[in-house]
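Order as written gives the chain letters A, B, C and D; numbering starts at 1 within each chain.
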Amino acid sequence: MRLEELIKLRRDFHKYAEAGWCEFRTTSVIAEFLSNLGYDVKVGREILDESSVMGRDESVIPKEIERATKQGADPKWIERMAGYTGALAVLNTGKKGPTVALRFDIDAVEVNEAKDDKHRPYREGFSSVNPGAMHACGHDGHAAIGLGVARLLAEKKDSLRGKIKLIFQPAEEGVRGGKAIAEKGILDDCDFLVALHLGLGLSTGNMAGGVAGLLCTTKFDVFYKGKASHAGAAPNEGRNALLGAANAAINLHGIAPHRNGTSRVNVGVLHAGEGRNVVPPHAMFKVETRGETEEIASYMYQRAMKIVESCALMYELEWTVKQMGESITAKSDEDLVGLICKVAKETGEFDSIESFYNMGGSDDFSWMMKRVQEKGGKASYMVLGSDIEAGHHNEYFDFDERSLLKGVVLMSQLVEKLSRFES
Amino acid sequence: MRLEELIKLRRDFHKYAEAGWCEFRTTSVIAEFLSNLGYDVKVGREILDESSVMGRDESVIPKEIERATKQGADPKWIERMAGYTGALAVLNTGKKGPTVALRFDIDAVEVNEAKDDKHRPYREGFSSVNPGAMHACGHDGHAAIGLGVARLLAEKKDSLRGKIKLIFQPAEEGVRGGKAIAEKGILDDCDFLVALHLGLGLSTGNMAGGVAGLLCTTKFDVFYKGKASHAGAAPNEGRNALLGAANAAINLHGIAPHRNGTSRVNVGVLHAGEGRNVVPPHAMFKVETRGETEEIASYMYQRAMKIVESCALMYELEWTVKQMGESITAKSDEDLVGLICKVAKETGEFDSIESFYNMGGSDDFSWMMKRVQEKGGKASYMVLGSDIEAGHHNEYFDFDERSLLKGVVLMSQLVEKLSRFES
Amino acid sequence: MRLEELIKLRRDFHKYAEAGWCEFRTTSVIAEFLSNLGYDVKVGREILDESSVMGRDESVIPKEIERATKQGADPKWIERMAGYTGALAVLNTGKKGPTVALRFDIDAVEVNEAKDDKHRPYREGFSSVNPGAMHACGHDGHAAIGLGVARLLAEKKDSLRGKIKLIFQPAEEGVRGGKAIAEKGILDDCDFLVALHLGLGLSTGNMAGGVAGLLCTTKFDVFYKGKASHAGAAPNEGRNALLGAANAAINLHGIAPHRNGTSRVNVGVLHAGEGRNVVPPHAMFKVETRGETEEIASYMYQRAMKIVESCALMYELEWTVKQMGESITAKSDEDLVGLICKVAKETGEFDSIESFYNMGGSDDFSWMMKRVQEKGGKASYMVLGSDIEAGHHNEYFDFDERSLLKGVVLMSQLVEKLSRFES
Amino acid sequence: MRLEELIKLRRDFHKYAEAGWCEFRTTSVIAEFLSNLGYDVKVGREILDESSVMGRDESVIPKEIERATKQGADPKWIERMAGYTGALAVLNTGKKGPTVALRFDIDAVEVNEAKDDKHRPYREGFSSVNPGAMHACGHDGHAAIGLGVARLLAEKKDSLRGKIKLIFQPAEEGVRGGKAIAEKGILDDCDFLVALHLGLGLSTGNMAGGVAGLLCTTKFDVFYKGKASHAGAAPNEGRNALLGAANAAINLHGIAPHRNGTSRVNVGVLHAGEGRNVVPPHAMFKVETRGETEEIASYMYQRAMKIVESCALMYELEWTVKQMGESITAKSDEDLVGLICKVAKETGEFDSIESFYNMGGSDDFSWMMKRVQEKGGKASYMVLGSDIEAGHHNEYFDFDERSLLKGVVLMSQLVEKLSRFES
């Protein structure tokens, strides 16, 4: 696997960025690639527990499938997906040995990519062609690394033992897809489960074998319904949903921090009103709360609900809340982290290796870690350093593509080591 | 003209509701109708001063023309419109006499119509098929009355004198189109100019010959630009445009009233943010300020600008304001009002007739009134009572269709009287 | 009565400004003056219905009496007041004739007077010596005019008929005292009741015989109780009363105006918190809502209560509301206004005289007007023009003292005329 | 030293609670006690660098001295204090050896103590008699421990070496006094410097030898000046300082957290307005910002200033900010912490001993630690576990008095050990 190939794959995913639950072209490209390498591939509905799916808007799916097909998704794979995205590839060595699983998340962020010559993806012609979707978090890199690892492992199949499972997860942004994969049971035979994330503040050549502080998080949408009226002639007859939502947004951001650790809240999207001269009868806003522990996460969510309820009352609005995503905290297993760091050192790719990195974000890989850990397996979430041009989720996000090869080397050598592991 | 015909016209306009500057089908139907009656008809660009056009989004025009054409707009008229809507129909009696102009506004409000069996337009199948556009202010009725009056006057052409001008104005909502018609000069030869508005709190069988308190108003859009960042991992690196806009909206609604009279402010629409887990980098909101006098309107606008500026500063945002519409105050001429009330009485259609009604709203007909009054003509804005089901601009708005015929009778008899007026 | 004497009286009241229910020195000075003129004088508890008293803080009364005594209040009058302020002086001519009552309000506003050489009361040494109390509304002038009128009428007693009643009302600011006087029944025999107010936007030499738009108003205090905690070490354990109150204040000022007329709201005072590093456990704020009609006033009050309740809920606070004052609307009787304007003209003191002035404020004289009007008497509230240096209630407020004599002349001639009135 | 004596001392300090810079009685009691033990005592101005004093309101000092004197402060000590509080007691053993300093803070919090039978200090008659001042943070205990230690050390003088310095610091709340003591240079000869804090989440019998996360903090007061006007008659003529402050408070609490660690902000006090019916012309609010590092603290302060400035602009207010206190971060020296833990274990008083406690608060002892550490000395801030009844700064705060004796034993044995320390 040469770096050029990885870059080509990454830039293809980048250009055709697809937001969570809409990764039809991405899944098709991945499935075809893996299938050609000889993996046993399953997609979409075959690898998800539908009742655990979160934050999915069914109404956009048909249009997104149409778009993906125009952009090159293979109708054969589209049909097998049955409306759901994501892929699982299994390589059975036929030899006795552990089951080792790797997970790669593949969805884009809901951001409009910068159209600006100082932004390399735009300058070099591979910026997103899909409005409202941009690989601003590096999952294009994760997917490319996953394919690179898949090729290397396929080539080395004879030297491996046990079973290898590669999971390409949909809808990680908004922590919507991870639980559905965990609940399907496809990880229940895993002895080892590992994922990585690019960037996160570590520069190229650095890495961390595990993380400590994955934040618990809840994602929800709030809908306010008031009453329209003529803003000039009958302002008192309206019930103003926009003002209710504006107050909620401001006060949500003011929830007091918790004595016991990190918390976060964000109102990422707010839409309200219909016409300039109409008292706004509707508002909706998208919220996420986070906490370092379940206690803190629960505190944040309860305070948020109180604010949502009271701001509706203030403007005499009807309100509903729709749960859109949820993830828990998780901790990498110490002995697995130790082994990872050892392998990382052996690769010769890294100048600086640390054990536990405190990332301050959330990832629904936590559901999978928990599932595997509860069954007695070991799991870890690694950080792969990569210089970045702008923060994660920023419209100017871009990363150092040299880290792609480092990721492939690290993960493939790790799988080799683990596949021969004897407990 | 029978009531049934008026109702049919009104319901057709209602079903194919078109927001301001997008009334392509409506204009086409009107132009064809008037042309068939023998009027000399001009449309779109022929009757507007382009430099006075306000609040127009060029980017949506091609799609709207396409939609209108699918919904029955005649390509012949579409071509003549040259991208602009509205119509002027002239009836020249060939006899010496005054020029009498009537104005009818034809655009819909940006509201989603209620889909509810208790709402007659929905129940009887003529509710709007165009999302985001609804005749929630009665302009469908105004247009129908205009066509009814046109037919009656065409039939009575021989008994009339001077010249009759019927103006079907686009984009009254948001006071965006009136000034462009006034500035074109097509009213400069008018001796009399009259418009009417349905409803406004008067019930069927009531009318007012003039209004006193048209509010001055300014319409503007505000754009905030901040900086996106990962809401969990780097919240401090973002600049939150959503919170800036939320603060602005709340404080705009709190501008202190003016000692000297009525003021209004509304933030009718607010859109902010891109994704749930991204610090929102963009926000836009649509505002209108109003005042009973120019002093009050100016006070409101200046306070609004201060709030817009300071809330941008608070979240370190770049900001721009785009003017979208403006109208002035106006007062109906007393002697014309007296004559209107006399005619109204003679029609036998009205139980209660008052001279000056205080409406508490704005209408860009004020630009036309001013233009005519400055040249020595007389102008008035009448109110035609009509029972309504819900307030103007509410999604359940509907009016008593019996008032359509009353409007036709009133206006046609008024034109007859005025056309024979000798000063 | 010479102007110099009136000025001296006014400046004395100004210097010893006393807020509502604390006018012990003012009442004492007035009572002594009137008693010396031969009036039959009653004070405090003798002229008030205690159950109708509003907005009184008993805890400050003893200290205020002590202060007033130090500042010259006569212990004899203090004793008769029995803790309540205000005075009633009756002049019985012994001749058959109507009962004519005049009302003068005597309390100061809760404002700290400007200490600035550009402010005449400070420059000339008669600015308030009592912190938190300032005659910023002209009641010092009203009281001085009342004494001037009292002297003139006493001198002309022989030429008068019927009975004269002079009421010096406490606690008009905050509309707290008027109802208690009305309910005592001391006006029930009045044929005529008149009051005046200085300034209000009319300049010296102008006057108005009546007012039309006295606003209904409700005054109330809100108390929020949350929970203190260490703001650094345990922010999540507090319940922040300050933030609840801040949200309430902002949203109260944003209550939508009413289609049917003028409304007002003000949060005039807000106190919250205990120490910088403590989550604020307490907040209190003083509110007033107003409306041109009872419908509007009721709408404003109900919206206010909704906001008060919801902001408490938002920060999980306990809340209580204490009613502090209330007044109703009132309208001057047209025929009495006509007569007043006639007298005003005869005095030769006024360049411009109008009938009904729209003042846009509230006065609890409305309770007395209603009481008299319900019993068949006539009442009016006059405006006495006076140039002012700054708006009413501003710390730089001062008025043109020449208006004092005009007020005395107008009122005394009016009483003369009315006392000889035969219906 | 028996526990009963310590309790008696503590309750005396508790009852006569004195806020920062006002500890005249407390200082007098302490100085007299120490002087009687034979210490060389200095007070007030003798131990402070006046130019480093922060957050002191000179205008209240005379009244506070008068109050303290009434409550038992000795005029002799009052005179020596020369207007400033705090004491330094030196015990010179005359033998060669290190200089060991202990610091005890002595001021109360600005909280009104609960008057409630469930609150022991109230029930048992030793709750604060001074409104607005309450020992809600345990400094009464610190002072008592300090006197207990002083007595034990005086008794053991012969077995000690070097020099002992006991510092009783004023105005720790609000971090106002620590820097002034550090800058005076009285610590410049110290080899060891230690302080302790009661409670902080550790229960009785626990202790920690050092802390890691003292937060940097800035304390400041904001003053807004707008313009008063009549809230009913001329609302547009006012400039509303209350609304500016309310917006500032809400948005200050919404400053986004920093990716690199803990931050805090609190608006602890807000006072605005003068009278209910006056547009509020003045507002003041007390703010503190904190951060785990200087970077974070600086970020918080800069964001706060932006909000303060913009909210003034929004309501067209003049604004000033007054710095009231500041402290930096600090870290206990590891080897000193080790030694402390060893001593703690030897005392037999503690069930659980930890090295570094993360307290999440600020203490201006950091200035003294830095001063000593920069000169080559060692410093530590210990935590003395104590069960508490309510959180620090809460009106129901109370602690387990048994911890007083544990504190005395720990500190005196530590001094013994350190005084014989040979490097």
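Rule of thumb we're sticking to: a residue touches a chain if its C-beta (ideal position, glycine included) is under 8 Å from a C-beta of that chain, and two chains touch if they have at least 3 such contacts.
Nothing here was measured: the structure is a model prediction, and the numbers come from that model.
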Matching chain pair for A-B (criterion: over half of the contact pairs shared, by residue number), options C-D, A-D or B-D: C-D
Identity of the chain that, by mean CA position, is farthest from chain D: B
Gap in Å, rounded to a whole number, between the CA centres of chain C and chain B: 46
Computed distance of Cα centres, chain C from chain A, in Å: 66
Chain C residues counted as touching two or more neighbouring chains: 201, 233-235, 237, 240, 243, 247, 250-251, 253-254, 256-257, 259, 264, 279, 360
Chain A residues within the chain B interface of the complex: 109-112, 132, 136-137, 173-174, 200-201, 215, 217, 219, 227-235, 237, 240, 242-243, 245-247, 249-250, 253, 264, 266-281, 286-288, 290, 324, 359-362, 391-395
Of chain A, residues touching chain D in the complex: 201, 250-251, 253-254, 256-257, 259, 262-264, 360
Interface residues, chain B side, partner chain D - complex: 233-238, 240, 243, 247, 251, 254, 256-259, 279, 299, 306-307, 309-311, 313-314, 316
